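Multiple structures follow.
Look at the two complexes coming up: subunit A is in both, with subunit B in one and subunit C in the other.
Let's turn to the complex of A and B:
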């Protein structure tokens, strides 16, 4: 059997480890499992970035047909990641700030941080300043579904809010609330801090 | 700019713009919903027709037509909202342009204050005086020479002139 990288129909390059059957089973030895978890974390995040996926649910590992089939299953070696193993990996990712449970108070679904909220904050501010929208009042909807698609198109509300709250701490954004909803105004701020 | 600038105050205008934009977003979302319904109804009409329920298909299509008219109406509303938003944003730019012009005018005024006609005249007068003063000094220096000195100067001039003439002649003879 050959262990080799494989390109999926969506154009994602799976590493050769993805063709190794033991990779899919929870390892009894803690050190081995730590390595496996690390590999899975990296794989999940890069695939999420590739497809712009923000959520991963334990149930995505169950019946085929989810967005994650290409990664969570490998039909060429007849293996799939069991939900229990995925659940273990998600738990580890949350503990390492690579993801967060979303919604909170459950452990079946996570919001993936293939960009950390801090990094999203920079992307957000860069977008506002490069599209000349500093000092303009924007609605959240306008950011998530801009007329011209941007890196922020389709970003989940939770991430957007976290990014904005990071920017408000350095006076680079200001949240404005009215009875009907909320808006945000980005400010140039000072670069030093 | 620079330094520790703080967050600007939220004015009534800001709130008004935000309200307007939120309304606009709602219309947009509503349109999306109707669009989805339209597609779904089209499917349903097809299915009903295939199943031989001509009456049902017709009802569905009527509903669809109604939804379409709603969509057209919201298009008009959306346009109005968008126009209003851009008018406000443009007016805000105009305000800032006006502010800029005012400031420029202020600076120009200040510069003019420092450069009024009287002070220019005074300056010119002073220059004139200085020039006359210089001329007086020149004259005084010239008058200070004794007649002998003057004679020596004249002689030196003559010597230089003859030398120059000789030089020219020597050049000619070489040719």
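Let's turn to the complex of A and C:
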């Protein structure tokens, strides 16, 4: 038998390791599992980026029908990632800053960092300046649901706030109270920081 | 009565003289022989060099020709890689030494980069395939023979690269210095036949092992050596063990 890459209906290219039956089992030897976890982490993040998925829950590994079926299951070899294994992987991802638990104080659901908050901050600032919205006050809603879809469309509130707070620290954004909640003003900032 | 050599002190002197002459003659003859030998060797060398340089492209590009050439060298007691200079005493005219070293480096590259998933054990044909891929050449250009030879050149590095034979005429290359015991060799042979998958039952059924022996060996390979991976969702056996080095990876 040959382990080959496979393209899913959504157009995602699964690596050949995804066709290896033992890839779905939590490995008892730590060194082996470290390799498995690393491969899963990479796979999860690239799939999330491909489909713009921000959340992954342990429950996604349970019944068929979740957004994650293409990755968490492989029906061609009749294997699926058990929830306990997924939980282990999520824990490792959080410890390596590839994700954060969201909401906090639980370990069943994570917000994925297929871009780090620092990278989102740059995307956000670039977007504001390229759409000539520096120095204007924008509501969070206007960023998350812009009239022209952007890379930031649908970004979770938590991630947006982390990105803004990173920009605030370098004086490239200011959070301002507006009548119906909060707004933000992006500033050109000191390029040399 | 007159003796040829005469008697007395004069005869003794003459005797000495003779001995000296003979010794001189002997050295002269030996020297002559050595000279002839040198001349022959030089002639042989130049003939071999001429042969090598005229057939250089064939040697480098045609695996069959290369093999035949290597065999010829071995049978006449010439090692093309041995010699005072780096890469052998004619490496520069043939560039074969460099070729062999280059291959060695690529073998190390493949072995090291696949080590995590196969526990430092790779099947020969898989190694040949990956090395060929790394070199960007098609199948058949690099042969098992070339790989075996290159691994020999790696020996002085003490990295412990070794070619081992497993059951069924298959060869594997081990890149971590670790003894492979007889039971492990059996497990590997079964894994080869099964595309990487082994189970307790397969060992019990095919090799007549006791269940305890099968389990102990598989557990060892799984937990101690990291040579196989566990699969808890096997449809047939429930639990199966997979030897990545016996699996065929396309990527």
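Definition applied: the second predicted complex is superposed on the first by the 191 of 193 C-alpha atoms of A that agree within 3 Å, B and C clash if a C-alpha of one lies under 4 Å from a C-alpha of the other, contacts with A are read in each partner's own complex, and residues count from 1 in each chain.
The definition used in the following text is that a residue touches a chain if its C-beta (ideal position, glycine included) is under 8 Å from a C-beta of that chain, and two chains touch if they have at least 3 such contacts.
It should be emphasised that the depicted structure is a prediction, and the values quoted were computed from it without experimental measurement.
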**Message:** Per the contact definition in the header, classify A:22: touching subunit B only (first), subunit C only (second), both, or neither.
**Reply:** second
**Message:** By the touch definition at the top of the document, which applies to A:3: first (subunit B), second (subunit C), both, or neither?
**Reply:** second
**First, second, both or neither for A:35, with subunit B first and subunit C second** = second
**Message:** Is A:154 touching anything from subunit B or subunit C once the two structures are fitted on A? First, second, both or neither.
**Reply:** neither
**Prompt:** Of the partners subunit B and subunit C, which touch A:171 in the superposed model: first, second, both, neither?
**Reply:** first
**Request:** Quick one: classify A:64 as touching subunit B (first), subunit C (second), both or neither.
**Result:** neither
**Complex contact set, residues of subunit A against subunit C** = 1-5, 15-17, 20-25, 27-29, 31-32, 35-36, 78-80
**Item:** Touching residues on subunit B, where the partner in the complex is subunit A
**Value:** 1-8, 10, 14-15, 17-19, 21-25, 28-29, 89
**Item:** Residue ranges of subunit C touching subunit A (in the complex, touch as defined)
**Value:** 116-117, 195-197, 222-223, 226, 229-235, 240-242, 244, 247-251
**Message:** Quick check on the complex: what are the subunit A residues that touch subunit B?
**Reply:** 135-139, 141-142, 145, 171, 174, 176, 178, 180-181, 183, 185, 187-190
